[in-house]
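Shared chain: chain A. Partners: chain B in the first complex, chain C in the second.
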Partner chain A sequence: MNADASVRHMARAPEWTQRIGRSREFWLLLINAGAIILLSALRPDTFFSWLNFKAVLGLMSYDLLLALAMTTVLIVRGLDLSVGSVLALTSVVIALLLQQGFPVFPSVAGGFVVAMLCGALNGVFVAKLGILPFLVTLAMLSAARGVATVLTTGQYISFPAAPYWFSTFARSEIGITVAGGYYGIPYLLLITLTVTVLYGILLSRWVPLRQLFFVGENPEAAKLAGLRVDRLIISAYLISAAFVFLAAVLMTSANRIGYANYGITAELRALAAAVIGGASLFGGSGSVLGTFLAVLLLAFIGNGFVLLGGDPNWQQATFGAVLILAVALDAIRTRRERG
Partner chain B sequence: MLLKATNITKAFHGNVVLHGVDFDVRPGEVHALIGENGAGKSTLVNILSGNLVADAGEVSFDGKRVAFTHPLDAMQAGISVVHQELSLVPNATVAENIYLRREIRTASGLNDWSAMFEAASGIFDRMGVDIDPRALVGSLSIGMQQLVEVAKAIALNARLIFMDEPTSSLSEKEIRELFAVVRELRQQGMGVVFISHKLSELFEISDRITVLRDGRLVGTRDISDVSTDDVIAMMVGRSLDELYPVRSGHRGERVLKCTGLSRFGAVRDVTFEVHAGEILGVAGLIGSGRTEAMRALVGADPRLSGQFEIDGRTVEISSPADALDAGIVYVSEDRKQSGLFLSFDVAQNVSASVLGAEATFGFLGKKPILRRALDFIDRMDIRPRSAASRAIDLSGGNQQKVLLSKALATEPRVLIVDEPTRGVDIGAKALIHRRLRELAEAGIGVVIVSSEMPEVLGMADRVIVFRDGLVTANLDNHDGSLSAERVLKAAVQ
Partner chain C sequence: MFKRPNSKNVSVSTIQYLGLSTIILAILFGCQIVFGNVLTEANMRVMAMNMVFEGIMALGMTYVIIMGGIDLSVASVFAFAEILVAKLMVQAGLPMGLAIPVTLLVCATIGAANGAMVVAFRVHPLIITLGMLLTLRGVNLAITDGRSVSGFSDSFIWLGQGRIFGVPFPILFFVAAAVVLGVLLAHQRYFRQLYFIGGSERAARFSGVNVERVKISTYVLSSFLAGCAGIMAAAAFGAAHWGHGNLAELRAIAAVAIGGADIMGGSGTIFGTVLGVIFLAVVHNAFVVSAVNPFWYDVVNGVMLLLAVLVSRLIAQSNTKKLLSIKQSKLESSF
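== the complex of A and B ==
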């Protein structure tokens, strides 16, 4: 068989319909569409408006960035419980530096250094000392939040003297006119979505990031296959920290304050979204599209509770139900395949 | 007849894997069950032990018609299976494992330890082995653990024991012990069904042999009526000329020189050379330091000392990645734990070490990866012939071929293969041997680490033997005249 012919043969993928049926992203897309249709039918006036969409997507942005952070470490069979508190610490550091009168760039760079330091500590403890990621990042969760609280004594840190553009850019909008209607897209959303798309492409095609999947699927085999496993694991935690840093900058700008209580329990939402999106705690899987769709679904569920006047406390219970449902369906499917 | 199964038929998703197979076991007999991977052995054993339900066919045990729907049914009836993967709890004592969930209790309902220890001792006496029922299972060797599994079956009053590849991870000495136990059980009128790929063992231990091929019964024979060649012919449907390809006898330039390799507590001052055109066999009992030395060589584990030269150039190796850069690739003995990426497809597995090779600006091309996979599927005859099948779904032989392909994709100067054909069917074994010989002839230094004596003698042009972390012999075998005795002697004394 000549190679070209066989490439074409393979590309036809005989059971592509099956494969779509098995694809996590496909089902998440369907469920999201279902949620949109349902909410549009129930609240046609309020739900299906740009204003509402903008609110949903804007609120979703931070969760999305943290969920991407989580997805990355899950791929290497890791875990990062510290995303929420490192977010707070980074935000506090940036705000404090701005308050002290430092220009925007050094302040933000200071935040970056702190976030990366946290990521590097997580990565080194996990990769070089072989401590369970759960424990390492649990310690970081506590430590980062603690430091943030000490630095601020629990107060909001505002920075009235900071340049106007920094205090407003996350909230300001780019206006586009489509079919006579005006739509304002906040920078917050624009930046988040751009980063997501780029990361999605990189994670599926760029070799160093592809290697993360091999490390997570079988670390020992990856090592013998010549992958620099320790280095890749540390990189995953650094990437995670970079997403947290970005979320911190956006949140600090949008809210115009740094605050030690930002992102409390955010790590659990991020973990839930990543897992619903197809990442596994056993490593080796996870996708940006899946995580994005999962975050979107959780955002729609939250929005639905608000619009339908439901008790917001039920929202959290619903997240839990969605999570266990996604995981259970996965387990059933795996059983049947192995069966 | 102890067990009589007639016309057993089973299909998965419309794919028939057993076509009306007949199988029986007499009391006091060891019955070998053999066939290439995918021939239907496991399915048959699973049906007879209650793990699967047959679509058609009848089973009678001890003259009574039985229809097991659960392994517990079969166990209660007196049929037990000793699996390839042991199912013992390492942190519990031997006696606890034997009586797990069937603990002997005192009147007050507490575990009666002394009774359990005593009963376990009684079973070991019956088996003629010396194992302390109070020892932790985790502290025993794999061979001993296997015997504990057998004891567990006996404690269940089993009268028929299926042993699935029981010797695949045992040393020669442990195999002897296991065989002594099997003979003892036969003496006591039990039936033993022995599943293995190692023909020499089957000929040694069994009374009758049943061969399956493609889900059909090829035949059941008395072992005294058949030769190894007959059985191979029955298994593959044609006679295999050569399980071990002919040597060329050509010895080229030195490719690898390893000097003074030491590893804490495991390997001491190991020195050897590999030449182009030759295959170096590495023999020794399990735990003698063979695997430990090879892993230390490629930097997979830390070492105390060692210098390496490739093609006369000194190379620094502190990780498998360095080894790969230098042109040395190590293929692990355990394809599931440390070899394959099981839930990834064949294409990804084959390209795992060379993801960046054809990337532009670091971006993967899907086509080169697919092409490389199809190339190796052809070259190594990997079935099914699809780059998209997941490694976990392949048979052992095909998984091994994928594992080798992954190593060969790096285009190494030196290929070190640990147990190249463990748990692999005869067809795949012959093919792997042919390919290894071809690689040697193409000028690649090939090192084969193996516990199978026939493989070492049949493949290697030169054999080094490990004992207690030392190389105790460096034996020439370029004409295939080396005797097993000489190798064993170096390995044990």
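== the complex of A and C ==
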């Protein structure tokens, strides 16, 4: 019995390491760490400073929220190409309401209603009418951006009369003093990270959200198992819209303007990050941690370009190349696993 | 007797084409009656030139979509071809006769890379071509520093602005390409395989279709056409700029979808796509002549796309219902 237990114990250890080795998050973490170490070694003074980290993480926040939106719909075998333009529409609506002299909460609520309406339309068309998510959200991409442009005639919408706290809260910071050093954490970052952590925990623990994976893995089986598949798919699009709404509020507050051209091609970056982070177009997979690490990696690559004096114009090309590389590595890995 | 479901299918798609043509004509004549100046030669030319480059891309996209794929990268290949041909001629000083074939060759190679990666990695073509779109757009931006390249010779400009019997060359190219590709798609054995692959890739593979070769060649065709469009666009605009062709991939896909092709693959025709392209052009023109805030254009575009997909969805549903009822009646009569 003793021997048996020890055998089992010995057998478990390599399996455990194997699982880590196969885990995408682990490799993404390693690559991120590698990027940090490399950049710190090359530019110790500029890269490894709180100021730089704050800039990188702050810029990453919007992309992170949109990538989480994308991850959620990818899990249910969906796709949301409209994240960028719904972001713009929501921001424009909030800014216009504020400009008209409405108080902050009704204005933000107005934005919320608009975002949710877009999400609900996406979800209903996908789930109830059975149209491909690609086409539905493509139409929404066009329509939402169009409405935003019509509302603003393409101009910046500023809201000088809005309460001071709203136009500053995303940028203002909480100061923490650790070991004699002062670290200011912008609310933008704090809110984004809190939401990300909460959502990560919920997505891996809370049953209704776990059901999303089931639906994406096999909608037929989920339906036969008694899940309300349509309702779950619609709620995935609503969750996605909620993330977009949050990004819109933060962006409007941080930039102090609403603008119809916010988030152009953001859907492509969000999709790239979600796929690098482990989501699949065939549904059933995706994780908050993976998406977070993928967004972080893309942010570090962008930052590295600037710090190493590279032509920042090449940054976009790298995103695409990283996406293709990630897909290629995946293909090699699955092929090796299948033998 | 047994031909009936087949002939019904045909008539349904004919109804769809007729409906689309009717709407196009209604918009055209409606605008002519209300605003005037629509059916003039100058306006027709402007209308056609507005959509012709997306139209050429939509032709290649039709092939890709029938095969069950998608090619988002056409927009960036389009801009890349503009920039490459401009750089080769203006900065490297190559003659036009050399610069154009080189550009087309490079574009075809990009298509081959798309196809090879789709085949090798076995992920959704959306992801591969998205990666290519991002990469190439970044390259376009980087190699031009965001500036436009211009200074073409007159003979090159002719490719975009020259006219034969009053018709601009790009439009003639579009018509010729549509006729050739339409006939090939309808009658050539090799291209009939696209429908087979789009309908069921596995069935096609098991019945001996060289799926890999067909796929790669289709992506090559798509990129090649985008390259042709890019070269003519550089000539038409008189300059190459990385921002040209932004969102063109979505317009091309919309044209194909409005033309009645199933985005999941297996159905669609070049004729339908041409109608879709004309439809988009006419709707755009209606905004121009009616002097309504042209920003509404995007909204209408989105709504139209949804409507078109809904209609073809309903038609497909009624088709399967009919098919099932025929099967059922056959079953019953066999008892």
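Basically, the second predicted complex is superposed on the first by the 325 of 339 C-alpha atoms of A that agree within 3 Å, B and C clash if a C-alpha of one lies under 4 Å from a C-alpha of the other, contacts with A are read in each partner's own complex, and residues count from 1 in each chain.
Throughout what follows, contacts are C-beta pairs under 8 Å (C-beta built on N, C-alpha and C of every residue); 3 or more make two chains touch, one makes a residue touch a chain.
Just so we're clear, the structure is a prediction, and the values are computed from it rather than from any experiment.
Enquirer: Using the touch definition from the top, say if A:Leu59 reaches chain B (first), chain C (second), both or neither.
Expert: neither
Enquirer: Considering only touches as defined above, state whether A:Ile191 meets chain B (first), chain C (second), both or neither.
Expert: A:Ile191 contacts neither chain B nor chain C.
Enquirer: Of the two partner chains, chain B (first) and chain C (second), which one does A:Ala120 touch, if any: first, second, both, or neither?
Expert: Touch status of A:Ala120: no partner.
Enquirer: Tell me the contact category for A:Ile301 with respect to chain B and chain C: first, second, both or neither.
Expert: Neither: A:Ile301 stays clear of chain B and chain C.
Enquirer: Is A:Ile324 touching anything from chain B or chain C once the two structures are fitted on A? First, second, both or neither.
Expert: second
Enquirer: Per the overlay, which chain contacts more chain A residues, chain B or chain C?
Expert: Higher number of touched chain A residues: C.
Enquirer: Go through the superposed model and pick first if A:Ala221 touches only chain B, second if only chain C, both, or neither.
Expert: Only chain B is touched by A:Ala221; chain C is not.
Enquirer: Give one of first, second, both or neither to describe whether A:Leu29 is in contact with chain B, with chain C, with both, or with none.
Expert: neither
Enquirer: Of the partners chain B and chain C, which touch A:Leu135 in the superposed model: first, second, both, neither?
Expert: A:Leu135 contacts chain C only, not chain B.
Enquirer: According to the stated criteria, A:Pro208 is in contact with first (chain B), second (chain C), both, or neither; which is it?
Expert: first
Enquirer: Quick one: in the complex, what on chain C touches chain A?
Expert: Those in contact with chain A are residues 70, 117, 120-124, 126-128, 130-139, 141-142, 145-146, 250, 253-254, 257, 263-264, 293, 295-303, 305-306, 309-310, 313.
Enquirer: Can you check the complex and tell me which residues of chain A touch chain B?
Expert: On the chain A side, the touching residues are 1, 3, 6-7, 10, 13, 205-208, 210-211, 213-214, 217-218, 220-228, 284-285.
Enquirer: Given the complex with chain C, which residues does chain A contribute to the contact?
Expert: 79, 125, 129-132, 134-136, 138-147, 149-150, 153-154, 268-269, 271-272, 275, 281-282, 311, 313-321, 323-324, 327-328, 330-331
Enquirer: Chain A touches which residues of chain B in the complex?
Expert: 298, 300, 319-321, 323-325, 329-330, 332, 337-344, 348, 352-353, 355-356, 359, 362-364, 367, 370-371, 374-375, 378, 386-388, 406, 410
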